[in-house]
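These notes open a run of structures that come right after.
In the two assemblies presented below, subunit A is common to both, partnered first by subunit B and then by subunit C.
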Partner chain A sequence: MSMSATSSAPAFQPMTVVWIAGIVLAALIPWFTGSVFHFHIAIMVCISAMATGGLAVIAWVGQLSLAHAAFAGIGAYTSVLLVTRLDVPVLLGLPAGALVAGAVAFIIGAPLLRLRGVYFVLITFALNELFRLIMLDIPEFSGGSSGIAGIPKISLFGVTLSNYQSVYPFALFCLALVMGLLVLIRRGQLGRRFAAVEENLALAESSGIPTAKTQTIAFTIGSAIAGFSGAFLAHYVGFISPETFGFQLSVSYVIMLVTGGRLALWGPLVGALFLTPLPEFLRGAVEYQHVIYGVVLIAVLRFLPRGLAGLPRQLSRKGGRG
Partner chain B sequence: MSFLIAQSLINGVILGTLYLLMAIGFTLAFGVMRIVNFAHGEFYMVGAFCALIGVTWLGLPFPVTLALTIAVAILLGALVERVVFRPFRNDELSGMIASLGLAMILQHGALILFGPDPQAFPALVSGVFKWGALIVPKSRALALGVGIVILLIFYIFLMHTRHGRALRAIVQDQEVAAVFGVRLEIMYPLGLGLGVALAAVAGGLMAPLFGVSPFIGATPLLKAFIVVILGGLGSIPGAALAAILLGLIESFTSSFVSASAADIVTFALVIVVLLVRPAGLLGRAEA
Partner chain C sequence: MRSDLSVRNLVVNYGPVRALHGVSFDVPEGQIAALVGSNGAGKSTVLKSICGLLKPVEGEIRVGEEVMKPRPGDPLRHGVALSPEGRRLFGRLSVEENLMMGAYTVKDAAARDDMLDRVYGYFPRLKERRRQMAGSLSGGEQQMCAIGRALMAQPRVLLLDEPSLGIAPIIVAELAKIIEEISRDTSMTVLLVEQNAQMALSIAATGVVLETGNVVLTGTGRELLASPEVRAAYLGT
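What follows is the complex of A and B.
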């Protein structure tokens, strides 16, 4: 996986313009069709893309987290409890969710990140399971297995976003913020440090990069983004339970990231855009949806190691290295 | 009190044996192929469905059904190794991600074929063994007995046959094993096939006790995962020790505290072991 060279690319390549144009067009689809169903899918794409974007930041230092759903859960529960118990406005609940998720990641990050490769995946898998079990064990906060229903909708300065058409612009705005943050990190000094750690930890360490600190920063930022997306999800869907943030959700974020491209800047967005609508258009055949997910995942790993976002580059290199 | 302790001890050993059946294949796949196989639990599910089909649809005797289950699982495992895992031989992370996809395919494939409802499995034996106040249902005793026999056969295969030695050689050092004439092209599919066959046997043995559905693979995977982390990824003696330990911990905490406490305690233990001693209780350190 030595492809971090992409991070040092100039700001405006023709490819980037094509990507941005494509994504803007896709974002406009619900307004063209006017269908409430399409608005719903588009909102779900935004939420998934934010969460997957957070996972991407962690992946940029070479780590794959299977605890991403747990951090989304921490953000969701933080915001929901603040809003329902302490009457905090939702607009403050969302960043609070991000803050708490990020703080937890920062505290537990240092010991966790000493592990690399499959060992890091395994410990985050165990953490996600531990989160679910503990939440089930404290029903007075989590609602237990029946969860918390009737969560207040998002409201901006006194205006409640009660329907799909009004939530969508705000979802797009939040996604733009997250993607903007990703671009800033990627183009800045931090992004170069991330890439160095990802490519060769020992070399990065001996070149004077504080690798442990760098990994903790990535884990904290990524998990905070997960917390934000989880809080958004909770207020949009209106229901959460410990089971919402189980292993399956972590796996679906990993699938979106890998399908989009593990190290590509636009990978999370492409992955979410490709995979989120898939199940919605296969209604009535939900079993097939997961089989298709599995096949897509294995096929992408095998034939497109850079994900869908790397496809044009791979094609333009006459077959690439596939 | 002493009766409760003895009963917990027996239950713990029964649980531990079943966890060991699950864990050996999981740890073998890592030792031989460096694959963390998240689809391992789904082979337990496949084994349970094989047993169901053999006993209720085809009317075969249970021992014949188990033998067929093993054969089917070995073939399926070898096929999966060839089609899914082989391209990722030198990439642990991609192999593991691929196994997540494989698990989805197997589980939801079973859902398409058999539907979501749990299916009853006819009881093979009924009644209980009694020693004073101690009670062991005969169905559990049967599962335990067959499980131990299969573990013994596997142990003899591993320690005293040519292929068994070859597998152990690969676990120790793949390159040196290859230099000494171990054929990886045969041993990789064989290793994965045998590993998932043990999971499938566990599924077949447990089917009469717990019923069969497409979703039964998740819990055995978690147990195998805990056992293998505690014992050290790739270490078979470590898995044996950890499986019995986990069985006893679960049995005692659920007798004396609560079942949810048992789960939380074991997962906390897993995290501590990974942090303090990633190679496991008995595993050797990574190079």
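What follows is the complex of A and C.
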């Protein structure tokens, strides 16, 4: 049984405890420093981590969606239009955004997911552009290129979360919900189905797993999470335009996922935690964000094929050898 | 004797090349049949046709009374499970997860757990390594896992594609014993496709020898093992 140690996954390995402690500490930083800037970055980390978590679910069946920003956009516009035009409370607008994004993914998923690999990447890239162009074309709903400003803030049961310090706990709560959902999926029968489809589609099909349906489920759940994160972003920032949800945002999510670890459960969280603050803290470097992301991506692909989440294991293996 | 799996006049082409020229044979219910032949004889083509992965030009495949449609998944629904050549497993899933994937079509959870216990009974080593990643098993253990996964579907017909390929002789002997045991206990029908004619024929009730897409000999396993043609062509004696 000596070989089994590396692959068995009991509920609490020492490594898991270290991870959880590290993430909890990182989450507490804004309260230690009290800086509004830190609260803002922490909230953005939560939003990115939610979106990247959705992308991870899609990656678990072996697909890479470059339309993830468009689904965030669908969620954002759904919630904003419901809240501003129909006076729906924001607390209902957020799940409605997830629902509509998920529904759209479900409908277009069946024909789209027949494609795999680079073809799926290309078609989703085209879809993201299509979303942006359509939204620019219907200014009566989208606000056109000038976007929609003055979006109502998130309010919980009549209490408006008007400042950063009050939004942050709610962002953490939402992120915990999303990560909880990811853990549930991953540990359950559905997660095994996803992994089987990701690893060997033909073998999964011949085991009687409905592979097309399995991929559609993943795409729907992942895109719904994107929709939720987009709606959250809209109500937090207070402004959206079709350009907010352009192709570059999709690419950012992909880079966060790959940097964190494409198939690791905590990959999306680690990736967002690392890459969201990075350009913000390199003062005056915000405009070079995509250059920084590109360099990080190349470094990760070269040195950390399992992503940052796989770093401790890689280190311990090196240590064991040396 | 009733036959559980029956291949009738199977003709299969790969493009312009004819791979099978009208292959027919029966696998009697509850027995082990061996399909032997050298490289390129058409063994895998027969298996792929049985699994619905190839569309035959002519002929049909029956499981019990049912005629199979040439569609992947249809034979599985009628109780045909394949343990594929080359021990294809989900390498990053654990041994137990691989086994449970085999039982995907079995909806009754109690029956699934019962079958898992039985598979662990046949292959105690899989139980020891149940949480280990399947990709990290030895070749023989991976083969056990592949056979176990096929068993998990609780098939009436079990197809084994080259279980002895690339495995140490001592493990091959162990596998042969277990295959015999499974067939005896569960009265499952087994079609064993092998290049290792010695091993396959020694445990098979029926043997079928395939050569360049034709059935050239049939008989009981013992008859074939004793036949001069088989000895000369496949056993090197």
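By definition in this document, the second predicted complex is superposed on the first by the 307 of 322 C-alpha atoms of A that agree within 3 Å, B and C clash if a C-alpha of one lies under 4 Å from a C-alpha of the other, contacts with A are read in each partner's own complex, and residues count from 1 in each chain.
Definition applied: contacts are C-beta pairs under 8 Å (C-beta built on N, C-alpha and C of every residue); 3 or more make two chains touch, one makes a residue touch a chain.
As the structure is a prediction and not an experimental result, all values here were calculated from the model.
Asks: Just checking: does A:G294 make contact with subunit B only, subunit C only, both, or neither of them? Give me first, second, both or neither.
Replies: After superposition on chain A, A:G294 lies in contact with subunit B alone.
Asks: Quick one: is A:I209 in contact with subunit B, with subunit C, with both, or with neither? Answer first, second, both or neither.
Replies: A:I209 sits against subunit C, while subunit B stays out of touch.
Asks: With the two structures laid over each other on chain A, which partner does A:E129 touch: subunit B (first), subunit C (second), both, or neither?
Replies: first
Asks: I want to verify the contact counts: of subunit B and subunit C, which reaches more residues of subunit A?
Replies: B
Asks: For A:E199 in the superposed arrangement: first (subunit B), second (subunit C), both or neither?
Replies: A:E199: touches subunit C, not subunit B.
Asks: With the two complexes superposed on chain A, say which partner A:E243 touches: subunit B (first), subunit C (second), both, or neither.
Replies: A:E243: touches no partner chain.
Asks: After the superposition on A, what does A:E280 contact: first (subunit B), second (subunit C), both or neither?
Replies: After superposing on A, A:E280 lies clear of both subunit B and subunit C.
Asks: Can you list the subunit C residues touching subunit A in their complex?
Replies: Counting only subunit C, the residues touching subunit A are 51, 72-73, 76-77, 82, 84, 88-94, 97, 100-102, 104-105, 128-129, 131-133, 136, 149, 153.
Asks: Please name which positions on subunit B make contact with subunit A in the complex.
Replies: My answer: residues 36, 84, 87-88, 92-94, 96-98, 100-105, 107-109, 111-112, 222, 225, 229, 233, 260, 263-264, 267-268, 270-271, 274-275, 278.
Asks: In their shared complex, at which residues does subunit A touch subunit C?
Replies: Touch list, subunit A to subunit C: 1, 3-4, 6-9, 192-193, 195-196, 199-200, 203-209.
Asks: Help me check something: in the complex, which residues belonging to subunit A touch subunit B?
Replies: Subunit A residues touching subunit B: 64, 111-112, 114-115, 117-119, 121-123, 125-127, 129-130, 133-134, 136-137, 251, 254-255, 258, 287-291, 293-298, 301-302, 305.
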